[in-house]
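Shared chain: chain A. Partners: chain B in the first complex, chain C in the second.
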Partner chain A sequence: MAISPSDSADLTASLLLSYARDHVVHLLVIAVLAAYPGIYAIAVNSPLSAQAVAVLPRVETMVAVLYFGLFAISFDFVSGYTGYLSFGHTMFYGAGAYLVVLTANGKIPFLSASTPFVLLLVLCGLLAVILALLVGVVSFRLSGVYFAMITLGFSQVLYVFVRDWNYLGSNPRDGVAVTGRTAGFEIGIPGVDSASLAIGQLTGDTAELLGVVTLTTAEVSYYMVGLVVLICYFAMQRVIHSPFGRTLIAIRENEERARAIGYNTFYYKLGAFAISAFFAGTAGGLFAGYRRSVTPESGFYFLTTGDALLASIIGGFGTLAGPLYGHLFDESVREFLSKAGSGGGLLPYLRSNLGQGTLETVIYNGMTIGESIDVFLNGRAALYVGIVFVLFVLYVPNGLLGTVRGRLNGTVAKGFPMWFRQRLPDRDSDQSR
Partner chain B sequence: MSGVLALSPFADSVPLFVDTLGAFFRPRTLFGVLVDGVAKAALYIMIASGLTLIFGLMGVLNFAHGSMTMVGAYLGGLLMVLVVGQETGDPTRLLVFGLGVVVVFAVLAAFGGLLEIGLIRPIYDRPPLSQILLTFGLTLILDELARIVVSFYGLQPISEWQAAMATKPDVLGQQHDLVVASVSGLKLFEIACGILAVVVIWVFLTRTRYGLYVRAGSEDSEMAAALGVDVRRVFTVVFALGTGLGGVAGILLAWDPSWGASVPLAVETLLPAFVVVIIGGLGTFRGTVAAGLLVGLIDATMTWWFQNAIAFTGLPEMTIFLILVIVLVVRPQGLFGVEEVGGH
Partner chain C sequence: MMMLRTRGLTKQFGGLTAVDGVDIDLAADECCSLIGPNGAGKTTFFDLLTGKLTPTAGTVELWGEDDWIDITHTPPHRTAEVGLHRSYQITNLFNKNTVRENVRIAAQAAGDDAMNCWHNTGAFEEYITEAEAILDRVGLAEDADESAGSLSHGAKRQLEIAVALAGDPDVLLLDEPNAGVSSESVEDIVALIEDVATDHAVLLVEHNMDIVMTVSDRIVVLNQGAVIADDEPAAVRSDETVQQAYLGGYERGDVDDDRTGETAGGRA
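The block that comes next holds the complex of A and B.
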């Protein structure tokens, strides 16, 4: 029987509809994230300004949340889904970041300093893939703690290398900054000036929306970085939901059985490692493009992987989107508790809103409340993040998103509309009556 | 080709190589490097042995171990700074050091025991990753707490605590002529401490009833439990002992000018400790000692090469991690390790 045009149109429509239904939650999240700079601007100018400045993360911070969130997601892609803890994951992030900065300084042979940034991002990813294949071929002979340690070893070798290699900059220990390129790094269609916008706090573009709203450099960076992160996230999500991704989960749950069924698990693990490295490299490129400098510590040190691990655990290990929320949580807590001069946080808020008398009250051994606030809040975020982290490991082992998924019996994209419909006034039974 | 050479960090050192090789093989140099290497090895072994005991028995890779060493360094340093004055003689200073070792060991062992009971025991049935994560979180907390306390008393948390280093007896600060070369007293002292630590741990493991339990538990903790050993208590005791050992290593490091008591000491000691434990094979004390010697000697050799020939500051550190990678590639279970351990 031939399908009539109207049938196929119906089919397409219903497919689109079910696709849209599956992605309602994604669209919601994207909408909220897209509206954030606006919300922030409104809240800061509202009567509750002081509180808003203290509690809400700045847009600059949100840019960092996005690119580092992408790195954390890529970390989760391999560690959360195959169960192989990639403890040297920061090497891909650092490789991407250093590639961007060094290219801009004209230190990479065959690449001109004015290479389009979008192309550079892809190159960052490809460099990371090559690195991942080299490291992975050796490392995936091992498992468990040994795998974590050998990848850590590789990343530390690279860390020492970039820290002490004089070719990179005049003082490689303090990092390298972009000096050879004054223009900002543009995200958009290469060569088409009207279709690309530069990111960066100082070198970025500002933009006018419909002639009404002017976006600051931070807001432009936020949207452009967000765009890249969004594309990368959907690419990874697609892979996870493909048969390839299912095989990764099979490897995590029981590798021997996956092998017994006939999967060559080695190639699957290597593939996952390479894919995840690609996006980690891209994230590193975004980081360097926005910050315009990179240090060995922020690029290659193992504690950078530790931050991704923190984000993954708080957000939910093996949930892909979770690490982004985890890192958002982490960064918000850090900013809330840091001494930020312009960005608000708890400390400036307390200083300006507690009375002078309260601040000078002596509580212990000549220490006033003001001093103790200083001691316990001034740049002490790591302490509280650590406590939160330990509490999560002990009491919320599945993380934020993992726990929500557990409640909804499935991913939020599928579970939430179902949950929502159950709580709506029962429309179907109304009709049947 | 010349372009590639110019890119290399070793570019300017190539012609020097043969001369330096000759200089390296002079007996004087070799002996100096040997003593230096064994002293480093002694420190590495002391840092790593607590870690290896804990991992061997409980399968917990303790990320907080470096922080214990750091806390030990500060605690020991505090004790010595309080007791030792300007005029205190050398024997008294050594005595105070011995007292410090006992106090630090006792305090940190008690702390470790409490940690095990309170935090780690509830999650033994979880995947091994959770325990790594938990101790990782503990490191964050401990380091930040240390930073708060240290800066509260007006010390710089990042730089070494000079006052604690100054409590070192003069004998240890001087150079002593030994066979063919002059060696600093501190290195000899470190070697002595290292040997003492190895002997004590070895005697504990092989000559005491509790050591027997530990070895049995490392082999097969379920079987040990079935035979009537209270494995849970053994776990607590071993965690306490391992933590205490980490602290004792710290008090020794507080005297060493190339380490010193500081907050970053936690991370600086954690990584070499991991390397030593992994190279030796997770959970074998024999392996840890062998790997400590290997890493110490190679570290000393590379330090010499860096100082005399190759202008690349990171050479020793990079070589250590390269050894880690090579050992894992050639012999994944480590030098003395058993294949099943650690490969969860």
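The block that comes next holds the complex of A and C.
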């Protein structure tokens, strides 16, 4: 083998190569997610249209997967890495969501209704940080199930509070909607119109790509929300890989020893709680920006945290990216099993594709196939998701990503290229032949 | 030079006095053993030194640059910072982390970068280097990439000491480093204790009298929380109170001479 004339160029090249190798999987995932609206559009217009509609989640659903996935990731950031289950995490999500809606309605002093959305997202995060510091100072005196319970308590107090505070809207129990701002919430560079696109189902922008492809409002929302989620994810990933993040893992593994070797674990836990709250608040802001309304249930009710917990367990606790896949899985199953009119799924697919004769065939005691489909599928999504959840806890305790990482002996970004190379034909031995 | 001293250190749990007016001095170059029957208050005494428990009365002081620092009411993370590290009787590690990470995280605790939440851990090479050096010293270099939980019991005991060594403490409290170690591996641990005693002040709790007599410069005997003897190994062995309370007529025999030879060989 010839020696390269320039060692430094070689070194740079190998550094770049190893950097690229570390991120190949990240880029692949981003590419697949970025291509999804296109794949969906092609699949739905293909001969297999009916099957595609039944199986693939709609782009609108994927927007929700992204912003709620970010919330689930932030939940995993504190719960999966310090071991402290933040059961009241929804209060940060709700705080962000309410801040966006109330600002748009001109209910927040000193903030104009036309505050740029990107700035609002940062403010959502900061509000959540303040809330997290207040709650955390009290809650981190406790550990284990008591910590989970006290954070849950705080979030329920806020839930009751936003339900009954008339200042928020005319009927706070039913939530508040954006009424003071007709323009969509724009993501992009604040003040530069050409570098911003509005999100939302009705208020969002459409965009033309290279004069060939026109993106629908849902697709624009998908990309813009996705951009924010991506930035937030990489920021959290950096923190996890830093000395601070390693200390969090040490606390999860053995808090007593972490304290004994010189860490004031209280401040590390509080810091992790605040960082995680920041991104939960941002996720809440995205949610409100896209949906343009928020209810006490979607913002502050403990079952919202429950959904994040579900996503984390299905995706893999303490894997950071896992909860996003977990929530995608959760939403896909739900949509697949849901009623007609909410994105297609098994039920409408069977109804329209099984012949009338088949549907009317009696299978047992006068019950036809059509009726049995109704009994077993109509509105039963939650039941099946529950069963899937139980099966996951029992048989895939490490979750989707956790299990894959276990198989690859490390993160997918590091393990997959190695796994791939081991399966390539050995180049050296080929040459020697 | 003295490194650590306690004066009238007392801990009461309700009506029970677990540690009773203990005065101990530990010199910088000394390996001092703390012995006593089960329930004599040895581990409680360690917990008082590190700040895990707060004493009912008395003081704990550590020698700083040029003066005594009172660490009586200092929490564990602060006592670790000022240079008092401990190992545990019951193995107490970061089980899912690698062996290297166990030591690296302890080394990082002694530096100023632990709050850094933006740079990759790999950028702080000094902690990785320190961890590798310590693993080399305790003989775990080859297991650096294993997870701590998958080590054999003997290796876990070595790692237990390695974690305590990180961050270069002035005083090392070793709580039964031999607990549960099979007789073949005892020599490794003894060699390790003797090795770390060369550059740290060591306070050792140990039940195996062969080891205590071999490695100690001085022995302190606790019984029901109080010091009943504090002297050189030979003097303690022949002390009648100690014999009655604890030793039960132990005589240093040929075994010991063998061991001295072996450990010297093992370290070469």
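One rule holds in what follows: the second predicted complex is superposed on the first by the 406 of 433 C-alpha atoms of A that agree within 3 Å, B and C clash if a C-alpha of one lies under 4 Å from a C-alpha of the other, contacts with A are read in each partner's own complex, and residues count from 1 in each chain.
Methods note: contacts are C-beta pairs under 8 Å (C-beta built on N, C-alpha and C of every residue); 3 or more make two chains touch, one makes a residue touch a chain.
Only a predicted model underlies this, so the values are computations on that prediction, with no experimental measurement involved.
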Practice task
Check whether A:150 is in contact with chain B, with chain C, with both or with neither, and answer first, second, both or neither.
Solution key: first
Problem - First, second, both or neither for A:323, with chain B first and chain C second - result: neither
Exercise for the section: State whether A:188 touches chain B only (first), chain C only (second), both chains, or neither. Expected result: neither
Practice task
Please indicate which partner A:386 is in contact with in the superposed arrangement: first for chain B, second for chain C, both, or neither.
Solution key: first
Practice task
For A:289, select first, second, both or neither according to whether it touches chain B, chain C, the two together, or no partner.
Solution key: neither
Exercise for the section: Examine A:125 and indicate which partner it touches, taking first as chain B and second as chain C; both and neither are also allowed. Expected result: neither
Exercise for the section: Would you check which partner chain A:250 touches, where first means chain B only, second means chain C only, and both and neither mean what they say? Expected result: second
Fill in the blank from the handout: Within the complex, chain C is touched by chain A residues 238-239, 241-247, 249-250, 253-254, 256-265, 271, 275
Handout entry: Complex contact set, residues of chain B against chain A
Key = 3, 7, 9, 61, 119, 122-123, 126, 128-130, 132-134, 136-141, 143-145, 148, 152, 267, 271, 274-275, 278, 282, 312-314, 317-318, 321-322, 324-325, 328-329, 332-333, 342-344
Practice task
Name, in rising order, each residue of chain A that touches chain B in their complex.
Solution key: 85, 109, 138, 141-146, 148-150, 152-154, 156-157, 160-161, 163-167, 302-303, 306, 309, 313, 375-376, 380, 382-383, 385-387, 389-390, 393-394, 397
Fill in the blank from the handout: In the complex, the residues of chain C that touch chain A are 50, 52, 75-78, 80-81, 85-86, 88, 92-97, 101, 104-106, 108-110, 113-121, 124, 163, 166-167
